[in-house]
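Each of the next two complexes has subunit A plus one more chain, namely subunit B in the first and subunit C in the second.
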Partner chain A sequence: MARNPTDDVSQVVLLLDVNPFFWGAEAASGGRSNGSGGLAFDQYFQHALMFVNGILLLNHTNRIVIIATGSSTCAFLYDSTATDGINGSSVTSKANKKTQVSRTELITKSMQEFVSKEEEASKESSQIQYSNISGSLSMALCYIQRVLRGPLPHPQARILCLQGSPDAPYQYISVMNSIFSAQRNGVVIDACVVGSQHSAFLQQATHITGGIYMKPPQPDGLFEYLMMVFTTDLFSRQFLQLPRPVGVDFRASCFCHKKTIDMGFVCSVCLSIFCKHHQTCSTCGATFSRSNSTTVTGMKRKAPGS
Partner chain B sequence: MMDMDEREVPLQLDFEDDGVEEDEPMADRGAFERQYADERSWEELQEDESGMLRVDVAQQQRQHRKRMSAMAGPRIQRGIIRYLFVLLDFSRAAAEMDLRPSRMGIVVDCVEAFVREFFDQNPLSHLGVILLKDGIAHQLTDLSGSPETHIRALRSNMESTGDASIQNGLDLARGYLTQIPSYGHREVLLVYSALSTIDPGDVMETVQECKKANIRCSVVGLSAEIYICKLLCEQTGGMYSVATNEGHLKELIMEHAPPPAAQAEMSVASLVRMGFPQRGAEDAVALCACHREVKMGGGYTCPRCKARVCELPTQCHICGLTLVSSPHLARSYHHLFPVSPFEEVENLASANGRQSLSKSCYGCLQELPTPGGKVKGVRLECPRCRQHFCFDCDNYIHESLHNCPGCESNSVILSQLSQ
Partner chain C sequence: MPRVRVVSRNFMEMVAALPAAKLDLLYDRHWTCQAVFRSLPPLAKQYVLRLLWVENAVPLKSWQEWARPEALSKHQIAIDRLEQLRVILPERKKEVCYRMNPKLQKQLRQALSTGGGPPRDVVSESVAARVPNSADLENYAMKQWESVLLQLVDCAADGPAGPKNPFIIKVFQRSGLLTPSSRENESPSLTDLGFQFLLMDTNSQLWQLVREYVTSSEDRGTDSGELVGFLLELGFHLVGEAYSVNSLSPALQKVLDELAALGLVKLQQGMKESWYIPTKLASNLSASLSESTDWQSSEGFVVVETNFKVYAYTSSKLQTEILRCFTRLEYQLPNLVVATLTKESVNKALGSGISAEQIISFLRKHAHPHVAQKIPVVPETVSDQLRLWETDRNRVQFEPAYFYDDFPTMAIYEAVVAHARDLGGLLFEDASAKRLIVRSDLHEDMRQYIRKQSSGAPAQRK
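Coming up: the complex of A and B.
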């Protein structure tokens, strides 16, 4: 493989899960309810900050952007190339000296603002909330497009999702849209899951875009996993023994109830998925005849070994 | 092709549009007239203080948006489950070297690209390959949904001998296609090099049989127009074309990858029961049902009977459930739920008075034009979430991403959508 000068220059977009419902439940139960193994939010945030510094130290041309994924909104927290903070999220423009201290302060400050906004919003609704991963993925991809529009040479772009909250079935289509757009543009999606359940969305995202999926067995050692696995640039990955996927959950969400299903009915006209038999397709309006709703039969099976 | 369009928009984008007729009033004007009328390129030029001519960025962007919105339309894909047999003429005529290295070599290259494109555009469809040589039809691969199987088989069977028989080929394909479920579209694509067909019986009868069985037959010729091929296509509603050179051949073959619009009317809609199997761990060892051997790594598990299969899409070899990979289906969902077009925030100054305008694009942080600011161009607003975006993000969001970042990160809008 020909090596070009930007092979190991990375543009990392870090998606931090800042869902108050997830971290709140975690704090209330002392880290046992969501299986994050005693990883508290401030610890998680500290580890993420050290990771950000690590990325920027590895190569002086590396770039990083942080986006917070909340349960009510998403926002850019930090952009290492911006000279005057992030618009709107009111980072004061005097804090643009890129020293170690001011970077950490800068990120912490915008994180505090984001968390208090989330807190406000979370008081209004008390149902179980998911985090808006489809929103932060879309923002990350828009940002990367801007980098790819920018001057050559382009850095290698990748997205790292630090996810705790479970998948929201109603985001299925938009998450899949993001994954396909990432794939078409050669953007790699990595995932590090700190919650108790595997994330089917992120398993599919990493599988399709060729990224790394990992659910650390001991989430309180998050920093070690981040440094050993997720700082590696795309060029170096071909020489390393990185965690191998434990499988991919390819289940889909039905269009009628937003339920996750592994078997269902597919409309032959528009490919909508339903969990049970319907008379008409709610998406495209096609009317189905009952007799056809069986599996494809009558075809010759493939001969073994062919 | 009734409407050869000179605009630089790729024609293949139009395949799933229902509203081809909408272009009709334009058809009677010359292509150059349309182009100028659409673009109004003179309006892009502006004179600056020193009398120099400059291109107005905002105006240019507006025109681009207008062109794009003209192309958009209702995009529900119809009749997407196709069952297609590709009939390849590997007779003596395919060995001719008027195309380099040989006709056969070029045809195999084109068909390989076609097979991949076919499964990309028709996720649930099936394809099989039949070779015509030595006067008979050899079935190279069964109807199946795995592109790799066909390509591998094709690459390892590149020999051309004897004569080609259209009748034998059609009869073999028809035998399989009449068994497929009623919601499927039956199609044959014949890539024909020879100038004659050596048949055991009356080929006209076979043409009528194909017509009766609703099999759409299309032919791409390599040498010259042949009457029987033309008749076959006319009778069955297919397309007949003859390639003039290598590039043209590829174009003609690829034209058959998007689903044919006319056939959509004929199909019966139905609900197909399908399974979405899980992919196994990379280091797991399991007995696979399709090859009956022990396999390492990968593989998929049927959700109904837990049997293991090696490739998707396929049919479970134990319980017969159709197994597909759900991302394969999801590729076309953006057609069903498109992002509503963004609106331009006109008159920035008065908009700034009503609410303070965001300084940068919600998606990419790029600076947005402000009244009196240095940044030129348009400022766009999503009608649902009211976030503002730059011109480039608007393009990317509607062309490739198909999600509005503002709507997706707003839990209020998301919860409305989920109901």
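Coming up: the complex of A and C.
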């Protein structure tokens, strides 16, 4: 975090995981197989909506954007500045009134639209079961970038990932790139994992950007976790005791097969990671000499069990 | 700017100073709960959110563990504030416990789950067609507000005074911005406070007036609790949306007239009903309540150059008058005023009670967008010079003091000097003539000490 916030005005981008595969499996098993303690999708959605209301209640100038993450697509669901900020000029006051009355309805409606679109899209590629987290992260960062380029003063930007489905190894590079650009822009990434497994991606994201990572032991009480931990703005974080990371899974994925590996080969020129020895680097095209490879394979043999 | 915070915090202090019964009555209303919640310090807000679903009293000790040890002072401020506003109520048990005000808890929970609150009765469709668009409304608000300030400025200038609203003049006089008029036809004049007031930003100015207005409301028979509730609620109304007047109590309807004079709302009348439309000023009012930095979106218009020239892209008479308070106007074009910060003009301003810091912050706050991105906005040469001119005036300090001399011996003199120095009140000493000057508030202490010394001295000598 480059800047020290001086006030509690925040721009929150909420990434909602609505991956039908994850929530479908959840519903089918009654929430037992995934270990998420019986958190159903409607409950999860309710809690997220209340979190949104909470953020907007905290400060007059707080803004929130919701991005839905599906398995193959992601889309903006809601932007608080779009409905609250426009007064009269383009929208007639009558229409304006309607949108104001039902923030919840508005979000629910766009969620329904998104889900039906997602259904269409996933018919074509049914083998993907991961969430498109890299896509929604990039969208969030683009949005924040636009805010930061806008007129001063800028709110403190942070991203909250409400993640259910497991990490997609093939997204390793794009997710890491998003994380690093978030770090560069001083955007904090928080993560709340409601699925059964820890997410190595998000652990690294929160570690690098100085955010909070949490995997609630009882996901059905998600709302309490959101209220206790994730509504905290960056300014108040300086003064509050917040959950500390227990350990970060720093393992990388190889660039050739996108497998998570404990030990591997690193290109000495571009730092690309591979799970086995190559003659040339597939990223930058550097050729490796023979002598180097023998020592590395020697090392690999020593690696315990992996 | 810190100034805004001070003024707006004062307003919340006023709310906090309301008697408990009245305050509780306020929390019956949905919007006041939200407004009070937003006005809390950031840490306190977090606490409230955390406590929102806790039914039992929380012991202070376990509460303290929420804060980091190094932030205990912030924690204490937050707790004090919450208790002052009766957001949390102490509960006597074995140890100090607090529980949240159940009314507030209920209202805030509802706000969280519904995302807002019940809309105030909005007027019928036919009215909506007659509501002005946002640009017109903003113009109206700005014009109204400028005319209010111009009435203040007119009192400063000797020229022909424009029409005056007796209500506004009275509010100005109450808040000490204008001297009270003793005779009927004598026009009041601007006080030091009034000059400073002109340099503040709109929100602080508004708050100061509103505050004055509320404190004097009891005299006029309006219930201050009701008024505060309404003012807080006003901030949650949609700008440019019509709200029916008829649903308000008669007292509040009268208040509306006066708020309209300030430009906070616009009143319109139809055939059967009348309605009011909150302006941007009203929504900014509650936005500035929260303790965040000032989010004023007004366009700046001033460019200050290192050669002390001030270019102000404005055609407003008010802005010109304000600039005239501390600059020498060089020339005026239809949309541009060129002025110079001279020693004479700044001295005049300093003489009328404005501080250099206020001038600088005014220039900074109203900086033209083209220079607003620069750091510093006001060239250092200019700001430094302004400060130097100010310290120039304060070269001599006056301090009431006592002068002591005629000490019998050097030993006594030295003991007395040491004593005065220990007390931190020694202003001057002259050892050769055995004289010293000490601050007047220490005189009693000094006299006793000297008496003790001079009586005890012979005994010591033995």
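The rule is short, and it goes like this: the second predicted complex is superposed on the first by the 267 of 306 C-alpha atoms of A that agree within 3 Å, B and C clash if a C-alpha of one lies under 4 Å from a C-alpha of the other, contacts with A are read in each partner's own complex, and residues count from 1 in each chain.
The rule is simple: a contact is a pair of C-beta atoms (placed from the backbone, for glycine too) under 8 Å apart; a residue touches a chain by one contact, two chains touch by 3 or more.
On a predicted model such as this, the values are computed, not experimentally measured, just so you know.
Student: Looking at A:R146 after the superposition, I want to know if it touches subunit B, subunit C, both of them or none. Which is it: first, second, both, neither?
Tutor: first
Student: In the superposed arrangement, does A:Q171 touch subunit B (first), subunit C (second), both or neither?
Tutor: So A:Q171 only meets subunit B here.
Student: In the superposed arrangement, does A:C74 touch subunit B (first), subunit C (second), both or neither?
Tutor: The first partner, subunit B, only.
Student: So, does A:A25 touch the first partner subunit B, the second partner subunit C, both, or neither?
Tutor: neither
Student: In the superposed arrangement, does A:A40 touch subunit B (first), subunit C (second), both or neither?
Tutor: neither
Student: Looking at A:R184 after the superposition, I want to know if it touches subunit B, subunit C, both of them or none. Which is it: first, second, both, neither?
Tutor: In the superposition, A:R184 contacts subunit B only.
Student: Looking at the overlay, what does A:E224 touch: subunit B (first), subunit C (second), both, or neither?
Tutor: In the superposition, A:E224 touches subunit C alone.
Student: For the three-chain arrangement built by superposition, which of subunit B and subunit C touches the greater number of subunit A residues?
Tutor: B
Student: Tell me the contact category for A:C256 with respect to subunit B and subunit C: first, second, both or neither.
Tutor: In the superposed model, A:C256 contacts neither subunit B nor subunit C.
Student: Check subunit A for residues that touch subunit B in one structure and subunit C in the other, and list them.
Tutor: In the superposed arrangement, which is not itself an observed complex, subunit A uses residues 87-88 for both subunit B and subunit C.
Student: How about subunit A: which of its residues touch subunit B in the complex?
Tutor: It comes out as residues 70-76, 79, 82, 86-88, 121, 125, 129, 132, 134-139, 141-143, 145-146, 149, 170-174, 176-181, 184-185, 204, 207-208, 244-252, 258, 261-274, 277-278, 281, 283-284, 286-289, 292-306.
Student: Provide the residue numbers of subunit A that touch subunit C in the complex, in ascending order.
Tutor: 6-9, 49-50, 52-54, 56-61, 87-89, 93-94, 96-97, 100-101, 103-104, 151-153, 224, 227-228, 231-233, 235-236, 238-241
Student: Quick one: which bits of subunit B touch subunit A in the complex? Just the residue numbers, please.
Tutor: 76-81, 123-124, 141-144, 149, 176, 179-183, 267-284, 290-292, 300, 303-304, 314-315, 317, 320-322, 324-327, 329-337, 358-366, 392-393, 396-397, 400-412, 414, 417-418
Student: State the interface residues of subunit C toward subunit A in the complex, per the touch definition above.
Tutor: That would be residues 34, 37-38, 42-43, 45-46, 49-50, 52-53, 65-68, 71, 74-75, 108, 111-116, 119, 122, 125, 128, 131, 133-135, 235, 238-241, 286-287, 289-293, 295, 297, 372-373 of subunit C.
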